[in-house]
């Protein structure tokens, strides 16, 4: 059984349905969803981790870094596509009262002003709850702005889709399980790590980045988070291109471990976008294998030349 | 007239009183406070920018980066010290109902459980509002957890001070004005910048850091913020040690400008902690001056040797 | 009047004739030629500085670094092309005894063995002296291997040209004058510097290279020379792409001066090969100018936005 | 049987006697000595590799890089101490004619001028040959400047020792054998490598140095040598602190192999000076071992936490 950050009908729920049709358990908070994985109540849980507009989801980043070890096994990237839903029979010209969540309201403000200029907008608990409320024939609201899954769930009709003012906004979700041997590399993988600097080493972030750059590994994401021990004490949440079983990334991780106070490994898993890294000159798997072969020949040079 | 992120009686208000005894205007949001500076309604405004537990205050970071140019002219660092306040005559043994803001509740949970174990805690709008409510003799609440300034403001008696579970938590505030020539260096200054990477250059963050490291400039804070144009597109909010009129920092800023899509300068101002940087070998003002003198002698070498 | 490392008829003489038809004074040693510049006996002197087979000409490198300041104002690159010369009337089939300098002998050994297999080779004082000797009708030698200029000088006939076993070998010569304002940039220039590391700083060479790489400046040549103060104490003789009046190179030189024990500037002058540098992204003259403009606007921001 | 760069009585001979009292074979050139190792004619040969005044001994560096693989197994560092020798019975006041090698003459010129001002100096074939000549009672020379070993060998009396004008000059010699498994680390070792850059990669030297710096490995010596393929094409002869069986050096060598056109390993052997490296923070053997342990635990995380 899988869990997810609920309630049912939100974007996380919709993201879950992109890869699983089974029943799943919604949790009220990210923390509860992840603790259910830790306790074994669910096998894995889907939670949001990054939003192209708001940035990292700090509650997820901090819980994964600080709590008992978990591991990311999959990522899902979902366009933040809002739909205006109404009860069957309602036309777009009939809409006077719209209900939605404050974040959603902020992201469709321009579209509503241009397309349903007479409607007032009320901000409520969640986009899913808004859809549920509107599905009640006695509701005083005519329409809800929600994810597509919520409208379907409550039997509503879409009046307009793709109404976000910034149509390129996406949210990234991760499926989190207990630690296990990472899945084999696919050639288009991502590795998530949290690096804790030694507090008294200026230039530590530069050294951290050089561990990756020096092995030809690009980063997809790097975010600082306070370690809660004082202003200016940070850890870094990092998504690196590649899989821990690829030698360039393995060596970067080993280097990171040597220079950092602590390194948390949060998984190597296939990239949702399937993009394969451009591996720099000198950093392919065979470059590493050839170097190993050469080095071995030095240790026992009898057959050399 | 100064403004601040209100309401009156919050920590920002208390931070303001550390350097100004004059009347000041509270604003409901950080955005409103900063827009009042832009419009000229207030001369400058104090807003929170960084918290040792929660990290950067994203609304402040994003507004300063994205909006019409403003400039930081001062910083204040304030310990997050909570006080338990009651109406005069109430003893600590009498406390049964405590009112406070949810964030504050979270930070004093341990202390309350240990010291007023019989009290229930209710979470309300702001710590200042809690103090005001408790000051009403007809209130059903016996005590409020708030900043020291709020208790004084509403005529309450402190029952216990310094009750935060993490006693080292601090918040950093900045006083923001319209752009102006920066104040002269004091020798213990900080410079705040926002650097926008070119999206298509892997390794750009490394190059950004090298601009500073290569001139012996340490960073106090670096935080990534999404540029809202897509996953993985970041800008970096940076506090660097030193003043833009010191040559090592000037050269680092020039270098940054050359390699970045955009650089936003948010001010050079005295550090609240008065810490003077340890200037690395080869990077003192006189090292720069001697190098300039040498270079000039090459252009016109008549008197050389 | 110019001087050169003689005697007349050697490759240095031939290199001199590529740019000057005037009478010039040969000197027996590189040191004597350079001292004649220092004393004013000649206006400038041409000396060899680098050979594609042997490497740097250490006597030239050391004299330029250590002695009273001089400046390179021009470079000449000459293919090391040997010619087999004989008195008029001698055919290649008649050659039994060949005279030349030991270095030249080493570089044409294969050709002689293949083409005049019956000839014995005698090694003497200089290729020019060999040509002179062969020009004597009473000489016991039939042919000389020398530079083209020497054969012409002594009225000999070329039997075969381009007879070096490694046909791509070249020598680089520099014309050296007293210090003067460097000539204006041509867009395809080279700058020669000698950097003395602080002896007690491991990693100093890395720092030296970063001064150039960090400003997008490529190096054409870098050679270590002992400072004669102990094993492992080196200075570095460097040719960098560009002119000291180009901002990226100026800034690199200033940076070098700050971190080095000493820096000797030996001139900015046009490259013999006319190759223009590929200036990296962010390092063009206009990138530097724009950064300066931006910085100035911060100091006096009234008209900003 | 060992060989050495002769003739008997030179400094190389004296260096050999510091560690071996057995009969050994002198060779006329460094190339002949090394070829005798390659052919098996001698077990190993001692040759000079570096001089604190002149720099690298290029014939040795080039032969080791270019020829059939050999390996350095020991180094000897010898002060260049010249002695003035005469036949028994000759006093220093009697010396009118001194014979020595040109290099030696250059290094004792000041001392001779000050102490035997009436003597003329003649430059001959080798310091050992000078001592031999002077030992002949019919010789026209009164004294020779040579290594101490030569004077003893020919029964001469020392008139003055330590007469070099630069008393700190030293020469470094290496004992070279056929490739074999390197001796075990002593904790104070040196590793000699030759790195060939890819010709078309500007900045390649910086990358080479970063392979060492990025693993906390200091360099004792780095010298450029032309690859004889064109101006500006270099290889680098490098002595690094440490042994190829120490993980930081092993990883640096592997990295070097990946980015270079070719890497020649010339041995890991004890340092003559016994200096142990200051291993940087994060680069000790146990730092490497702990990182490996951590990485292994990720691959099979069952027992984690």
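Letters are used for the chains, namely A, B, C and D, taken in the order the chains are written, and counting of residues starts over at 1 for each.
To be clear about the criterion, a residue touches a chain if its C-beta (ideal position, glycine included) is under 8 Å from a C-beta of that chain, and two chains touch if they have at least 3 such contacts.
Worth saying up front: this structure is predicted, and the values here are computed from it rather than measured.
J.: Among the remaining chains, which ones contact both chain A and chain B?
T.: Per touch definition, common to chain A and chain B: zero chains.
J.: Could you please state the distance in Å, as a whole number, between where the Cα atoms of chain B are centred and where those of chain D are centred?
T.: 59
J.: How big is the gap, in whole Å, between where the Cα atoms of chain A centre and where those of chain D centre?
T.: Distance between chain centres: 58 Å.
J.: Going by the contact rule already set, what residues in chain D reach two or more other chains?
T.: 210
J.: Which word fits how the chains touch one another: line, ring, star, complete or other?
T.: ring
J.: How do the chains pair up in terms of touching? List each pair.
T.: By the stated definition, chains touch in these pairs: A-B, A-D, B-C, C-D.
J.: Can you name the residues of chain B that touch chain A in the complex?
T.: For this pair, the touching residues of chain B are 50-55, 58, 77, 166, 168-170, 172, 202-203, 205-206, 209-210, 213, 218-226, 228-234.
J.: Going by the contact rule at the top, pick out the chain B residues touching chain C in the complex.
T.: 68-69, 71, 179-182, 210, 214, 244, 250-251, 253-255, 257-259, 263, 265, 281-283, 287-288, 290-292, 294-295, 298-301, 304-305
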